[in-house]
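Have a look at this one before I ask anything.
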Amino acid sequence: MIVVMKENATMAELGQVLKALEDKGFQPRPNHGAQRTVIGIMEAGEGDLLELANMAGVEQISPLSSKFKMVSKDFKSDPTVVSVADFKIGGSEFVVMAGPCGVESTEQLLSTARQVKACGGRILRGGAYKPRTSPYSFQGLREEGLKILAQARNETGLPVITEIISPELVPLVARYSDILQIGSRNMQNYALLEAVGKERKPVMLKRGLMSTIEEMLLAAEYLMSGGNTQVMLCERGIRTFEKATRNTLDLSAVSVIKSMSHLPVIVDPSHAVGHVDYVADMCRASVASGADGIIIETHPNPAEALSDGPQSLTFSAFDELMISLRPVAQAMGRNMVERPEK
Amino acid sequence: MIVVMKENATMAELGQVLKALEDKGFQPRPNHGAQRTVIGIMEAGEGDLLELANMAGVEQISPLSSKFKMVSKDFKSDPTVVSVADFKIGGSEFVVMAGPCGVESTEQLLSTARQVKACGGRILRGGAYKPRTSPYSFQGLREEGLKILAQARNETGLPVITEIISPELVPLVARYSDILQIGSRNMQNYALLEAVGKERKPVMLKRGLMSTIEEMLLAAEYLMSGGNTQVMLCERGIRTFEKATRNTLDLSAVSVIKSMSHLPVIVDPSHAVGHVDYVADMCRASVASGADGIIIETHPNPAEALSDGPQSLTFSAFDELMISLRPVAQAMGRNMVERPEK
Amino acid sequence: MIVVMKENATMAELGQVLKALEDKGFQPRPNHGAQRTVIGIMEAGEGDLLELANMAGVEQISPLSSKFKMVSKDFKSDPTVVSVADFKIGGSEFVVMAGPCGVESTEQLLSTARQVKACGGRILRGGAYKPRTSPYSFQGLREEGLKILAQARNETGLPVITEIISPELVPLVARYSDILQIGSRNMQNYALLEAVGKERKPVMLKRGLMSTIEEMLLAAEYLMSGGNTQVMLCERGIRTFEKATRNTLDLSAVSVIKSMSHLPVIVDPSHAVGHVDYVADMCRASVASGADGIIIETHPNPAEALSDGPQSLTFSAFDELMISLRPVAQAMGRNMVERPEK
Amino acid sequence: MIVVMKENATMAELGQVLKALEDKGFQPRPNHGAQRTVIGIMEAGEGDLLELANMAGVEQISPLSSKFKMVSKDFKSDPTVVSVADFKIGGSEFVVMAGPCGVESTEQLLSTARQVKACGGRILRGGAYKPRTSPYSFQGLREEGLKILAQARNETGLPVITEIISPELVPLVARYSDILQIGSRNMQNYALLEAVGKERKPVMLKRGLMSTIEEMLLAAEYLMSGGNTQVMLCERGIRTFEKATRNTLDLSAVSVIKSMSHLPVIVDPSHAVGHVDYVADMCRASVASGADGIIIETHPNPAEALSDGPQSLTFSAFDELMISLRPVAQAMGRNMVERPEK
């Protein structure tokens, strides 16, 4: 259920309503929009709140009809804007996250971080814990990788994003990373979603490569109902019969999510297409689709990358891409950060 | 096999080589690129052309290694540009084709044609023969529909595109339509491909909703090996598990096709997403993906359309879309035709 | 609409009702079940038949609510049994159709036909017209192939099934073949469906490799509404992300079709799995799924087959398979024809 | 790498080879087949074991070429047989596991357990921890559910299988359950796979609903390389475009797995088809496909089940199914346990 407060309701009236809800044993979740405040009460049924209808400041009490509660536009009509360092994701800026698939060494990561920074990237990506299909593949540098990420942030000032693969790793990774990433294979790992939902750090939830948009929104609901409201969604390609690309990038998902939810949407063309030849086209298409940002892979020497080499851009290809993105972003009414003087 | 002629080969040398090939019983297909001429001989094997290697003007004789022959970039490195009326598809212009799913009446089509023209659309679409999943659904106005299309062209000057569903209809439809469309369900209807391959009219081949990019290129090979070189390909969404959209628009197909083939690529977001809310986002993304044009559905009264109402734009939504496309096209270095003074 | 006649209605009463329907301009389609006769009137709406309700012999007039009319169990509750030569498909016998993918030579086909016959196969399959993805692949022996099929029938007594790929070939193929096959790529080739619908020969409609069961039933509706009631459906695998098999055999389709329709169902495991190692397991599973028969590929020398060699059984593997099918058929309450004395 | 011992190698020779491997810092994994013993050394490379080639009893040293190591037939040619209570899975018996989707109450589970036992079922299934797409759906009775399962085992003697959804729950669930189940959503939850790999209890790994067979085998490799060799695989349907069934049961996966791996295969038709009308057909087809068992849902009152009601068999439908399975199992050369005297 949601309680919609009047536009001119006072803070005192809001306080009365919240207290009344708590007295009834509920956990009210107020959400202050630009126009009005809405209070979500996930555990209440239609008959539970009848007597609140006459309280001062209350405009309307209504059920949240969709399967999605806190992620839906009904609950929160203003777009969610996630703050990271000194900028925002989900606002007017188009944000580029870039870096290698996996953190392999200090030198590899630092050189990449410098290039990302120099070309106008905003966030450094790099995997410290790698979920791999085979138990015999490179599994990441683990805590050592986290330390290298922190070192790169210190040097360049770029905030970092890295993946969490297990609930017990949440405190450790949260200590080092500015954004927590939940990977495709773990989109429906509910124990992990619950653990990350208890954090108060930005989180990027990647779509499972076998998951519907509805399932992704419900996974985000786990995060938000746990109390973590700084949630971003990431479209990264779905599994289809087409073999020319690694997966099929579902760009219409950006449009669908934007019509249903207030959460920012990031696109990961690198993992979707799986081949460097198609990455730049899909980055530009992502901007034009209405996405709030992209996350892409670049590596000082893709041919020797320990993972995802075929889809990683060289530094010069990354530079060219960044230059080509800017006019498309402008055409879409989005700004991008200026490239720093080298 | 292909015979690559020297850059400075003379027309007389070319003539000698063509004659030598014909004398051996082959059907040579010369292709005059900006740099040099390449002769394709589809039916020849590796050993068949050895003695031509020493003829004047011949630079090299080599096999066409890919599965694709005439559609591949190896055979023709310059992009194919298809001329329609007084403009070109596949060049620097970004082309919009628009109109109703099916031709329903003179009034419906004429009013749509006027709006398409007024907003800067280039080509009028409209189905006269409708392949329908159920035998009890509206099957189109057939020849009557073709006549209405011709009437709309006469009035507005817009060339028209319409679908052919059976080999024996080719002469009739070719008499009325400027571009022949082969629909998704018929992408692998080889009898139809052979019939249209014998025409010398532009043809747009739509991807089967179950077809790989490779299969689409091989279907185009049927058209080209039949002698029709004015071929455009159309990405229109593929069937996946995702249910939020009617099909999944595979925009990376644009990038993949462009890396393999010289043929122009058109995107049909309307059929792919199946819902008007997502069409405009995907039109803009199509421009940024590198496509040469789009084909979309607009209808004077979508709620009463006999087919595909939910995905048809109203006239005002179409107008807004057209205005929003122009800056994205410019950002991509493409021009669009000026809107006529109303 | 359907008019359900009373169990004890007389032929005279039926005649009166049929005449009344024709007088109203309808084309009534009577269907004589074991219990009662039902008359289908596809073109009538709910209000059109009100005055017939009181005619003698009429029990009930009701709409055919499902999308499927003539293919549905509502229209015809008794299973359809298709007669071929001196046996039946869709009754208590489990029927095996076998032969090479393509007819390559008289010797190849005759030796295969003899083996099929000797092992208890009922029908000889073999493609004369081959729809091929590439225009440069073997396209079949065409009319010469049809003649070889007829020769094999004459020698062995086995009826034959072969594919039709274009409307204009229907009369020619119908002259030679006992069963007309509509292939996967042509399941929604409506011009072909209409042409075959006018024939009065058994037809086997194969499921498109990315067609839903609903679409297959609607394609069968094209055949039946054209007047051809001897229709069999064939599950042959659908396209999915799984790469270990050529396609994914959807055996639950047998169960789904049987719950919705009265038509017999044949399974084609060879094309579905695409590899000889998995064919026999899936043949046995097909029997147990409730299918009425299977169609499989066998070839005197699979390694040299011009098409589909990897999925074609050797003669000895075919023999072993046939022996192993019999107990499973018996367990399912189905009989198979005795193996002739060699 | 694998070291293949001679057929007549002695235990002492084996001991020497194992010691030599340990001295080199490896962790040798001997596997005693019916014919000979093979030692797997997962972490060794081609050059590491050269000097062992001349040791007494050693026949051959060779790389494990496939991506799969311990799950492959190259490593272990004899089928793996998993012992549960007093019977075996993967041998000549066809085993039926049955019960409700979720444990809802003592009464519900006990009545179901009695029916499963009475009809010849071998193992009781029931979910205590339910991974649910929405955070607002029934999540299971958790530890209370485990206790009810233990109670049902005590009364009926049926061993139980239940799902583990998080690494930290492994010790608790392992205390109550005879077989640990890893569910579809967690097939690639590597933290969970590693935790279960350290247990020495039978485990059933369900295929992710969009995972390839190769990925499932690699997930099983995580379990086996962790030391848990009592692994069963479960095909439970994959996600496709077909909407008539909840998922598409990929029965050919049984055949594919059996050709690559020594592990037993169980089929779950209930979750695959999602509707009770199609369950029995697919159970019989599963037997004929070569599977070692099935796992199905039955509930005292499917209409009131808290989860998966539409696919749960009533007690009488379950009884009928069990009667119909027996002749098919016999036709396949498999036995089923006798039904106890009621």
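Letters A, B, C and D mark the chains as written, and numbering starts fresh at 1 in each.
Basically, a residue touches a chain if its C-beta (ideal position, glycine included) is under 8 Å from a C-beta of that chain, and two chains touch if they have at least 3 such contacts.
Just so we're clear, the structure is a prediction, and the values are computed from it rather than from any experiment.
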Between the pairs A-B and A-D, the one where more C-beta pairs touch: A-B
Furthest chain, CA centroid comparison against chain A: C
Classification of the chain C:chain D interface as same or different, half of numbers criterion: same
Centre distance in Å when chain B and chain D are each reduced to the mean of their C-alpha atoms: 51
Chain centre separation in whole Å, for chain D relative to chain A (CA means): 36
Set of chain D residues in contact with two or more other chains: 210, 239-241
Complex contact set, residues of chain B against chain A: 210, 212-214, 238, 240-245, 248-256, 258-259, 272-273, 277-278, 281-282, 284-290, 327-328, 330-332
Residue ranges of chain B touching chain C (in the complex, touch as defined): 42, 67, 69, 131-136, 165-168, 185-186, 188-191, 208-210, 215, 218-219, 221-222, 225, 239
Residues on chain D engaged by chain B in the complex (per definition of touch): 210, 239-241
